[in-house]
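The structures considered in this document are given below.
Both complexes below contain subunit A, partnered by subunit B and then by subunit C.
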Partner chain A sequence: MKIDRRSFLAFSVGGAAGTALSPLPWKLTDDSSIWSQRWPWVPIPADGGIGHVRSTCTLCPGGCGITVRKIDDRPVKIEGQEGHPISQGGVCLLGTAGLQFLYGPSRVRTPLKRTGDRGQGRWTQISWEAALNETAEKLNTLRADGHPQGLACMAGTDHGTLPALLKRFMTVYGSPNFIGPASAKEAQEAALRAMAGVDGTVGFEVEKADFILSFGSGLLDGWGSPVRMFETFSNRQDRKTLVVQIDSRLSNTAAKSDRWVPINPGTEGNLALGIAHHIISESFYNTGFVDNFSGGFDSFKQKVLSDFSPAKVADITGVPADIISELALKFATAHRPLAICGRGRGNAPGALSETMAVLALNALVGNLNADGGIRMLPTPNYISWPDPEMDQIASEGITQPRMDGAGSEQYIYARSLPNRFFQQIEAGQSQVPEILLVTDTNPLFTLRDTKAVKAALDQVPFIVSFSSFMDETAQQADLILPDHIFLERFQDVSAPAGFTRPFIGLTRPVVAPQYNTRHLGDVIIALGGQLEGMIGKAFGWENYLACLKDTLGGKWEGMIEKGFWMDDHFAFPSWDTMFTTATGRFEFNGEKVAADPWNATAAAEGDSSTFPLILVPYDSIRLASGSIGNPPFMMKIVADTVLVKNDIFVQINPETAREYQLSDRQLAILTTPKGEVTVRIHLFEGIMPGLVAMPTGLGHTAFDDFLAGKGVNVNELIGPLEDAASGFDAAWGIRAKLAKA
Partner chain B sequence: MSNPSDTTQPEKSGSPAATPETESNGGAVVILFFIFGLAASMVLGWVIFPTLLYSKKKQPVDFNHVLHVAEVENGCQSCHFLREDGTFSGRPTLESCVTCHESVLGVTEEEAHFVSQYVEKNREVPWLVYSEQPDCVFFSHAAHIINAKMDCVTCHGHIGESEHLPFYEENRITGYSRNIWGKNIAGIARNTWDRMKMDACADCHIRENVRQSSIQTEKGGCFVCHK
Partner chain C sequence: MVIDLDKCTGCGTCMVACMAENNVPFREDETDKRLSITWMKVYKLTNGKPYPDAEICYLPRPCQHCEGHHTGHSPCVSVCPATATDYDGETGIVSQIYTRCFGCRYCMGACPYHARYFNWWDPVWPGDMEKYLSPNVSPRMRGVVEKCSFCFHRYQLALEKAIMEGRDQLEEQEYQTSCTQACPAGAITFGDLNNPEHKVHQLAQPDPHHHGRPRNPEVFRLLERLHTNPKIYYLSTREWVRRAGDNYVKDESKSAHHE
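Moving on to the complex of A and B:
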């Protein structure tokens, strides 16, 4: 049989007919259309049971309640917790994006030991046993040398059982050098101790106030408990509350306020005293309070009347005298006036005098512990552990002076001065710690003059970081003993920033630890047991959870159910009993402030001929500027007037741009006494001529590729200014110059 | 067949000079080749294609439905149940197995394998789900079981009466289970459970006069299932 062309064609036609009569083409068509809709890179969320866990966010000091939505064991979304007393069901951008910290690439997944030079990024993975042994050995050696005060510990918070455990560890070890944070919150607490004698926290009852006078506080830019502030802001029209924002630039808060009062940067304290001048001279103040419950009013009055006349204050602040008088009148005659302080987000403490001036203004109108006023909350007293037994070495070590000088006669009201701690080391004026423990804080990014902080860190022979992330400070460590993140651990969150009732939030694990990390509390307890002397005896708990349950006692059950504990019916003491100063009165000038508290303006560093402009940092709710950097979701919403690719924008007035022949989006060189960087120009009418504003929270060198290398860290360019009255960092900006790139 | 010896002028010309006999031969040949082609492609399409299209996967653990249904009190719903929030837990988790299988029960190899590999290691069994619908389909078991009072067999067939788990056949192109298209490669369904493609859903919805628009969006057609 010959196969010719015809038979081949016949075979083909038969094949085609047969194919058409078979399901092959029709099925393939269907399948290929499905295939084109199911690309392998399109994620398909796993199915499972929906669950919710109530917890408390610890990404900022706000203490918001969160509800984590889970599918089976996997957390998939962070939502606001309905009915939560602080956040009222809301959640901020950082909180929503919080899950990215859980799975993100910057997590430290196992204990690490440095093998290369510091900052080189060469690590070797070690076991927990080896990591703890090495730390314990170093600690034992230091103590055996009779030098326990050579140990220093830096922590991100001062409240709750975790810092309490760390402080206890430091005490029984024999070191006074527990260095907590120093932000606007700590400045408010210092002012409260100085003026009211109250050892506690300052609450601002914004929900009930009807006239809020904000001295540069970024109520919508992350100040205090951000979600609580959003809630208050968004429904203030219903309560007919007026918000006046005093701000050196048109911040988001200023733009959304009822009135924006532009002011020369760094002079907010002067304006507060200028307003006080008008209130006193016109006798608008609450005489019932001032006459019967305050002390030092006469000298305060004299000082204010002589040094802070409206004309003089107008000259310093740039706010016209008639506006100062008008603000004073409105503030004094409002039903429930409230003055708020803490510049921007309140990351920096500022001069003590600024906080004292605002507290004095509140006192003048008699709103201390009044509805819609300042609430003085005693330090939460649920942590009442028996005093630890101290051995000889510890008893001697603990009496040594602190490296940062906090609590000394000169800086009596400061608890911790992290900036001063590093500045003193760098300047060779303080002993260098032999061992430094760092937890929940990232001083190499958040403190002013990062170069000096780096130089100081370089001198410390042994640094142990407990960071969950490879942040800037962890990169410089010798050992990293990674902590769980907030979604994996138990923790109590007490005294949230600016809240007005005794409150403890409960952070609890919503997911099993993803990596080979350990709870800091467990590590401290374990480490205590490995040290010689009496140290182990101070930690009589099996683990941190046992310690937390034991400490919270009867509150535990309710907190597990509700997610928090709050004393709803807390009876605020009245004016005759609330002050615990020596006189039992509110001291306008502070009780034992060493330097003149009313020396209110700290001049920006640098000389005006070389540096004609002034650089000020500004905070934005879209940029996390604390120890934790922006997660990728938040990087996606940073505006293109803030960051484009790796270039950061600075805001300047078009007039300044004309003077320096700069145009919008152009590259420029920004120089300050601390350094020089390349920036892009953003022309902004909302900033006064002569100022340059730079966003905070950018310029990370650590974390992941989504964040590192983007923009500039403003703290590289600004140096700290030591406040004579408190030791706090009083810097609010620095002199600068701009030139074409 | 074309044999040169049968033709008078074999070398001079081609087909125009062919005799009627050779023409009829040639026609038969063409038809034969046509039938060959037809048959070959039919075999390819109906027999070979399905075996090439699907890969056969064994379930991680064999499971005897008959044995378990006899042991449990609540039939299918003992292991495949609606959660309190109305979502459906189709794939039993280890938690429900461990109630009885904390240690090895019986002597089968599969049981020993299950306990050592999953129970002791606390690993979920990665069951392959025959009726897994793609992510773009919104399907509510509650609407069908509670509202429409349908039973499991209507859609899932008699799997509850099996003593061994059948192979999971995965479409190599789409990644879907073969049960979605149906065992019949032509997509012909004899029973309601033979096919779970969109047309099977739509036919029943039309036949049963189910609401033809989405409750949430009030949009008709696609939006009933594709939210």
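Moving on to the complex of A and C:
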């Protein structure tokens, strides 16, 4: 057959038309998807029966209730818990991403012993028996040398049975050096002890207040119990509650408040006293409270009237005098006013005077233990174990001075001073601990001046970490005895940050331990049994669960059922009985504060000619800045104005940028007296000219590839400032300079 | 869906809750936001005024589930050559069938809201993270487009339950998306826009004669003038925020979108 041009064309066109009309192209598109997509490595999640377990989240001090959805044995999602007194069914992003911690690559899966140099990351896996034996041997030797106070223990929380077990262990061992946290929460507790004589926690009744004056507290940036704050904030319109945010930066909290009052950073305490000045001089204060139930008012009044006049405070804070008087008027005349303190998320305690000033302001309007005011909650008293028997080594060791100086005459109101602990070691001012136990805290990342903390850690001969994750501090350890994470263990969560009723949440295992880890409580009890002397006798429980059940007693059954215990009808004492100072009154100046509490605010470190700018850290709810870092889901939602590749952005005002000839997204060198880093510039109209703001929570060097090496840890650039009245870290920023890279 | 921008705090819990619910993958570097898969994405808007008059507003953006000017004429649905995405007249949800998508990405070009994302890589769950994957949503593979489904699997589960109980209608609370449920500020309301009993209908007051345009003057939709007829309504008491929802020439009258 001859193929001419005509028949060829006819055949081609006919063929094309035929193919187009046939199902072939559609079949091919469908098939091509099938061929190119059915890869064996794309997982097909196993199906199964749906179940739910109620527990309590411990990823922050908020104490939220969670419900974990499971498919057979696998937890697949963390959600809120309806009807929970704190979180009311809500959940935050960190809690939601919690399962990534459970299965993540940064978990320590078995006890590890260091083989390389510190921080080199070379480990050998050892058995629990070997790990416990080695720890017990070191502890026995130190004690046999008659030097039990050479043991120090750092913990992430002060409340609950786990810290109580640790403290008991330290006591019977003979060491006073249990170093708990020192955050805004502890500063509030210190102020409460100083002014009211009450040993307890401070609750802020935001749900009932109708005028909230926030002194830089990041109510929407992770302060207190974040979910509770989100909920209160968003439904405040229904209650006609006004929120005024005092902040040097347009934080998310400032952006959502009814009013943002910009202020020079670090001067919030001065503003509180400026407002107090107006309230006192105009006699707006609650005379019923001040005249009958307070002490030291006259000297407080004199101090405030002479040193904190609106004109002077306006000069320091940058808040105009008329706004100060206006805020004072609104605060004093509100039906249920509430002043809140703790900068940002409240990770740093700040100077005691700042917290005292805000507490004094609340006292002036008479809102102590009033509806919508400050609630003073006694320390939860359910942990009442018999006093342990002490041998002579222990009795002598325990009377030695603490390495951090907390509780001494000078720092009488501080319980723990972790910053000072390391600063003293680094400066050669205190004895170096011979054994350091670290649990639930990551000082090498979270404390100011990380270089100094590292230098101090380098001097400690033996470090044992109980971390579930390979964090910065665990990397420096000699032994890691990994704990279960909160989804695998029982734990009591008491005194959640800022909550206003006696409350204990129950954390319970939602899944069997995934790796070769052990409950810290069981490890302490086991370790106690392995030590010489009377130590084992102090732990008369078979295991931690038995201890917890025994401790909670009659509350246990209800907690298993409901997931928490709460004293709904707690009767707050009235003004005539609530203060347990020597006078039985609220002491405006504090009872035994060693240094004048009303001294001027701590100035930022560094001289202004070399360092014309001021670096301030800022907290963001999208960046976890505590002992654990961001899980991958949270890294995913960090904005590209905060982090691009591994470059961190600092916020500056366009006016500052013009002055230093910097443009948006440009690389720049940021220098402070503590160090120098490369950053990128983000121009932000919501920040005061002259400031440089850097997010907290980035710059990890440990954990996994999803977090490590990204950005800069702001704590490398800021040093601590010791508050004379308390020993707390009073630093809120540091002087800095910026130059083109 | 109605999102109250006065309540949204920009925390991002909706984004994380969405990822956790829908088996969304992640990578070591997620800072190139064009490549970062976020079915729900929270944008930050600023009013452009200098310090201290600057204001911020956050705007969460899921898939807008556009109906188009006539049913099914959604920008993405109308361009898909593989029928991998479709508009369901019953639920008003724009679906995405991953195994039918062959990755031409026309839909991504057509979507005016950048709500669609392409899987440039095979998903990898490090450590033992595969164990937390939910069986309700199939993990996607390299080479397909994905987007918000209004948690369609939750609709299916709720409907199954209702049918088992002999009902053919869902209660308002029976079917809620993961982001709605998770938002700690209660900024998101979800329900049936056509049902006057539902809160979303009462908030948005959609006008059936004008392609669902909101009759509540404080409610707007994104890029209203494209007539995509989206199903996400935004509520804000702030004029500058409402104007940010569409493109305006400088001197255009403020109420232009209510022409």
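Before moving on, here are some points about what is shown:
Going forward, the second predicted complex is superposed on the first by the 699 of 741 C-alpha atoms of A that agree within 3 Å, B and C clash if a C-alpha of one lies under 4 Å from a C-alpha of the other, contacts with A are read in each partner's own complex, and residues count from 1 in each chain.
The criterion applied here is as follows: a contact is a pair of C-beta atoms (placed from the backbone, for glycine too) under 8 Å apart; a residue touches a chain by one contact, two chains touch by 3 or more.
Nothing here was measured: the structure is a model prediction, and the numbers come from that model.
By the touch criterion defined above, A:I44 lies against subunit B and subunit C together after alignment on the C-alpha atoms of chain A.
Set against each other, subunit B and subunit C touch different numbers of residues in subunit A, with C touching more.
Of the two partner chains placed around the shared chain by superposition, subunit B is the only one that A:A10 touches, whereas subunit C remains out of contact.
In the superposed model, A:P23 makes contact with subunit B only, not with subunit C.
With both structures placed on the common chain, the touch criterion links A:I34 to subunit B and to subunit C. Touch criterion not met for A:F570: it reaches neither subunit B nor subunit C. By the document's definition of touching, of the two partners only subunit C reaches A:E79; subunit B does not. Overlap of the subunit B and subunit C contact sets on subunit A: residues 30, 32, 34, 37, 44-45, 47. On subunit B, the positions that touch subunit A within their shared complex are 1-2, 26, 29-42, 44-46, 49, 53, 83, 85, 87, 89-91, 93, 134-136, 171, 173-176, 181, 185-187. Residues of subunit C that touch subunit A in their complex: 6-7, 9-13, 15-17, 19-21, 23, 26, 28-33, 36, 38, 42, 44, 46, 48-52, 54-57, 81-82, 84, 98-103, 122-123, 125-135, 138-144, 181-187. The residues of subunit A lying in touch with subunit B in their complex are 1-3, 6-8, 10-19, 21-24, 26-28, 30-32, 34-35, 37-38, 44-45, 47, 49-50, 72.
Interface residues of subunit A facing subunit C in the complex, by the touch rule stated above, are 29-30, 32-34, 36-37, 39, 41-48, 71, 74-80, 87, 90-93, 96-97, 99-100, 102-107, 220, 226-227, 230-231, 233-235, 237, 250, 252, 255-256, 260, 262, 514, 621-622, 632-641, 643-645, 653-655, 684-689, 704-706.
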